[in-house]
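Okay, so chain A shows up in both of these, paired with chain B first and chain C after.
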Partner chain A sequence: MPHELALLHNCLLVGAVLFGIGLVGFVTRRNMIVMFLSAEIMLQGVSLSLVAWSRFRNDFGGQMLVLFIIAVAACEAAIALALVLMLFQRRGKLDIAEWRGLREANQPGFREEPPPEAPPEVIEPLPHLTPAGVAPQIPREETDYRPRM
Partner chain B sequence: MPDLKTLLILIPALPLAAAILTAALGKRVLRGGSHWPAIAALLLSFLASIALLFEVQKRIEGPAETRGPATVTLWSWYNIPDAMQKPSDAGTTPAGLGDFRIDVALQADPLTAVMLAVVTCISSLVAIYSIGYMHGDAGYWRFFAYVSLFVFSMTLLVSANNFILLYVGWELVGLCSYLLIGFWFEKPAAAAAGMKAFLVNRVGDVGFALGIFLIWTTFGTLDFDRVFAAAGTLAGDWRATAICLLLLVGACGKSAQFPLHVWLPDAMEGPTPVSALIHAATMVTAGVYMVARCSPLFAQSADAQYAVAAIGGITALLGGIIAITQTDLKRILAYSTISHLGYMFVALGVGTLAGVTAGMFHLMTHAFFKALLFLAAGSVMHAAGGVIDIRRLGGLRRRLPVTYWTFLVGCLSIAGVFPLAGFWSKDAILAAVADKAGHGGEGGLYGFLLLSTFLGVVLIDFYMFRPFFLVFHGPERLPPEAGRHAHESPGTMTAPLVVLAFGAAVVGAYFEWKHGFANFLAATPSLGSLPHPPVEVGGHVASPPEHWGIAVVSSAITILGITAAAVVYLGNEKRAARLAAFMNIFGMYSLSYGKFFFDPIYSLLIVQPLLGVARLAAWFDRHVIDALVDFCGRLPSMLGAVLRPVQGGVLQFYALAMALGLLALLGFLLM
Partner chain C sequence: MPDLSSIPLSALAILLAAASLWLMLPRGGARGRGIGMILGAVALGLGAARLPSLGQWMADGIFLVLAGVTVTSAVGAITFRNPVYCAIWFGLSLLGVAGLFFFVGAQFLAVATVVVYAGAILVTFLFVLMLAQPEGKASYDRTGWETSVSAALGMIIVAVLSISISGALSAAKGDGGSFRQDAKQLGKVGSENFLRPPSEDAMAANILAPRHVARFGDEVFSRHLIAVEVAGVLLLAALVGAAVIVERGQRSAVKQPRSEGGDQKSEIAD
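Take a look at the complex of A and B:
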């Protein structure tokens, strides 16, 4: 039925989008936890595809597999996060760029490019009236805890 | 007494065994005793060759069936039947013609027997001399191994029964000459001289090899007896001349004749026993032996005989003229050897039986007196601490009495004073040439050769007695290098000198008495076909009528020459200087002292261009071929450098690569 077909197409599309987001995130981000998160997103995209096909084919096998996947993904998440924790404890940073030893001798690994310098903020000074009158006498305690009068 | 075939095998085999034994055991085991295998083998070979002489004599005088050469075949090296296309009208071709069949086979006939006796006699005497001369040298064992190898090669050369085995022996003696000239190889002059000798010999060997090829294509066989039996079919053909000229090129290379003589003076860098053995008595006579052996071929072409005689004559004069101004005693003797080899070639070039036997006779006497002169020069060198420049020595006859007397005998013999050996052999050559000039109808060239030989007599007197008077007479002068060496040589060195002096005195008269030598040699089957005067009563085949006139004239010239040399060199030095200035009128002195500038001319015309080509080839090899090979070697690392960035250590790149690979696979599957 066209209704089922359209449902299938849409579900698959969402699943593909999820997968794509996960892939790009994995490849692009430097934070180890975020990379893992992206991997999980990829996994969920695939699970959605499985469910969509299962619904379309009236076959519970796909949904069964998804249940398994969710369970296994949870275990795997535990292990992965434990590993990330170990890696963090070695270097003190969650940056994947810390771990680039497994390479050929003369390759640079990550190329650190410094972020483009932000143009210096130009702060236009607000117009300022010269205060008239005598400068008030402010006791010392008040200037201590109130930085601006 | 063992039979002839056993003797024939023993004579080369014993020195070969000695060479192998000395090479294997010399360095560690024998050391100072390395001479024993060589001496034993050479003396035994000498005794065997004397026995062989008697056996061959018995064969000649025996019944007619045994007159041919005695052959012993060791094994068959190559046998390719029908290697050559027989001509289509092959009805009467003898069986076996056209088969490429080379047997390692030795033969014994009078020519071989004479050569073997000379070679083994001189070798054993030189080996005994070397015990004293090479004493204490670091390469003592190497010397005796090489000398034994040389004697093996030379005996193989003269006993061979086909051209290929002759060529094998030829090359081997060239190799031994190279090894022995460059014996003190750390000395650059000696190493260069060895190389020069080998390369110049090689030039001759090319001609020899081409001659052998031509013999094969003409005759279809390479055995001596078959070739010489068929030689008569070639009379006047261009092939005979071509073959003979090519063989002559080979002989010129080995026997240091006119264009290829440049290696022999430089070969004096080797130890003096080597010069005595190889470059006076044996190796350089291989060329003479070869031409004598091939006389049936040479008899077919008068032009080739002219060439032989002409080259011999030029060389004889060349050697004589250069020798009279040299100052190094060994070089004087070297140029004298070149000159005497020239005389032998003149005798061979006459072409008659008398000429060939005269040439071989001179070979034998020359071996004795030249080896004697070289060994005596070595004795002088030994006493003078290695100095052989005659300008620095003087008055040594009181210190070196044995050397003095033996050297005197050698000088008288080489000058041809009656009754020493040189007189008989030189007379034989002069007689043969005079006969040819008078009766052969070829008056011009041979008459000229006769005159030049007489001139040569004067030259011989001068160049031999000049160093004799300068070194042994006059005020005593010793160079500082002599140190404490300046005494007579030990017994091992003087005994061979005495034996050789005895030989140089007596050999000529003994063998020429009743023309015994000439008749013995004339019984060689291949020489039987040469023109000779009719057989007289009593079977004296080879003797020309006695040339008393020539004998008297040459003796007179000899006496005059010796007295002239005595007047100039026994007197004060001004006479010698005036003589030199007189000779320089046509620039002859500088030309002679500069050895006719052969070496610079060859260097300019041949050696430098070849060196240029060699440098070009070396550049090409290093920068083109090696660059290509290096490029092939660098190709994998270049490929690796291209692929290496894949392993960058950036984790996300790996993930991306996986994803892209998956995409590619999907695309491939779906397309």
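Take a look at the complex of A and C:
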């Protein structure tokens, strides 16, 4: 395969893999912010494909579209995170299952599984230095005010 | 179609990738992440072995490192239980994508990705996580919806995409395949000109020009000027919208304790 074609092929493949990974993350995770991160991963995959085509076709059009994708993704992030914050303030959780009441009426019921055990909190004791040396003898009248340091 | 002898290897790579993703995704406390990582590494290795070479060994090596970092960080971003770790792995994936942009010659976009995505969007994520994430590991971070089905289907989608990419691009080599006959009927796509890379001089004058940002700016502010203006208006709308959403949310959040005082302004506000 000629080098330019191989470069296009490889970059398109990496873009497809990124898109697939973002898709799996979006569909699977319950935390609203991680869902949004997965959507951003999908956007990165598409941007990579566009830039690869732009290089191959010697045309700046692909890179222009990626520039506007970046701008639109910034707007989308601002609005989405504002919405997520407001949703969090209504229910106190970032869980998308809190909002299952917004689904259509004919969906199968949601099985509320018992939450898995949290891993035990390992509280490490803070380091403790043994006192060493002799305590300085401070005259009584100087404990409140020391005229010299 | 790509040559038939490599289909079992690609199918194995897809299968291993699906299994490793399934093992690594949060499944309600089930173990298996270590095995998932090993299977994922094997799947990546098999996939990398199938990639056509870029000519020089150094180009191949750099591309494999960048692509490996990107894909591994993306998998980490969807897999970790703690969403702050997910955000940080996403940042590393952005750096990998920026590296790939540099590799392909889109220098402005690489820097724009780092500055805008990793520098602004990611930091916004982290701020929202700071405001909204519970202290310990929440239960909804440790479970997922239908992990096996989604991992399998996601990797099937990747397989279909990679088959169509390989099939369409290998038609240009002249090895042919069934894509060629179908594509010729579409007219333009099957023609040799579509998949023939442009000449070196054309590349050096345009995409790979030494003053890349100047060429980029030429294109943006001449052919895409209206889109730039519209993007500016969109950014303004997003800014105002985010501020309004948060302000409305604050007002309705504090409405309950203040309703005893009968504050008329907040009652008619929403």
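Methods note: the second predicted complex is superposed on the first by the 105 of 149 C-alpha atoms of A that agree within 3 Å, B and C clash if a C-alpha of one lies under 4 Å from a C-alpha of the other, contacts with A are read in each partner's own complex, and residues count from 1 in each chain.
Definition applied: a contact is a pair of C-beta atoms (placed from the backbone, for glycine too) under 8 Å apart; a residue touches a chain by one contact, two chains touch by 3 or more.
Quick caveat: nothing in here was measured; it's all calculated off a predicted structure.
S.K.: Of the two partners chain B and chain C, indicate the one touching more residues belonging to chain A.
M.R.: After superposition, C is the partner touching more of chain A.
S.K.: Name the contact category of A:46: first (chain B only), second (chain C only), both, or neither.
M.R.: Once the two structures are laid over each other on A, A:46 reaches no partner at all.
S.K.: Touching A:83, do we find chain B (first), chain C (second), both, or neither?
M.R.: Second partner only, chain C.
S.K.: Could you say whether A:27 touches chain B, chain C, both of them, or neither, answering first, second, both or neither?
M.R.: After superposing on A, A:27 lies in contact with both chain B and chain C.
S.K.: Is A:121 touching the first partner chain B, the second partner chain C, both, or neither of them?
M.R.: Once the two structures are laid over each other on A, A:121 reaches chain C alone.
S.K.: Taking the superposition on A as described, I'd like to know which of chain B and chain C A:58 touches: first, second, both or neither.
M.R.: A:58: touches chain C, not chain B.
S.K.: Considering only touches as defined above, state whether A:73 meets chain B (first), chain C (second), both or neither.
M.R.: second
S.K.: Pick one for A:10: touches chain B only (first), chain C only (second), both, or neither.
M.R.: Only chain C; A:10 stays clear of chain B.
S.K.: So, A:100: does it touch chain B (first), chain C (second), both, or neither?
M.R.: In the superposition, A:100 touches chain B alone.
S.K.: Shared contact residues on chain A, chain B side and chain C side combined as an intersection?
M.R.: Common to the two interfaces on chain A: residues 23, 27-28, 96.
S.K.: Mind pulling up the chain A residues that touch chain C in the complex?
M.R.: 1-14, 16-25, 27-31, 33-34, 36-38, 40-41, 44, 47-48, 51-52, 54-60, 63-64, 66-68, 70-79, 81-86, 88-90, 93-97, 113, 115-119, 121
S.K.: Can you check the complex and tell me which residues of chain A touch chain B?
M.R.: These residues of chain A touch chain B: 23, 26-28, 35, 96, 99-104, 106-110.
S.K.: Would you tell me which residues of chain B are touching chain A in their complex?
M.R.: 644-645, 647-652, 655-656, 659
S.K.: Can you check the complex and tell me which residues of chain C touch chain A?
M.R.: 21, 25-26, 28-29, 47, 51-55, 63, 67, 70-71, 74-75, 77-78, 83, 86-87, 90, 93-94, 97, 100-101, 104-106, 108-109, 112-113, 116-117, 120-121, 124-125, 128-129, 131-134, 136-147, 150-151, 154-155, 157-158, 161-162, 165-166, 169-170, 172-173, 195, 197-198, 202-203, 206-207, 215-216, 219-220, 223-224, 227, 231, 234-235, 237-239, 241-242, 245-246, 248-249, 253
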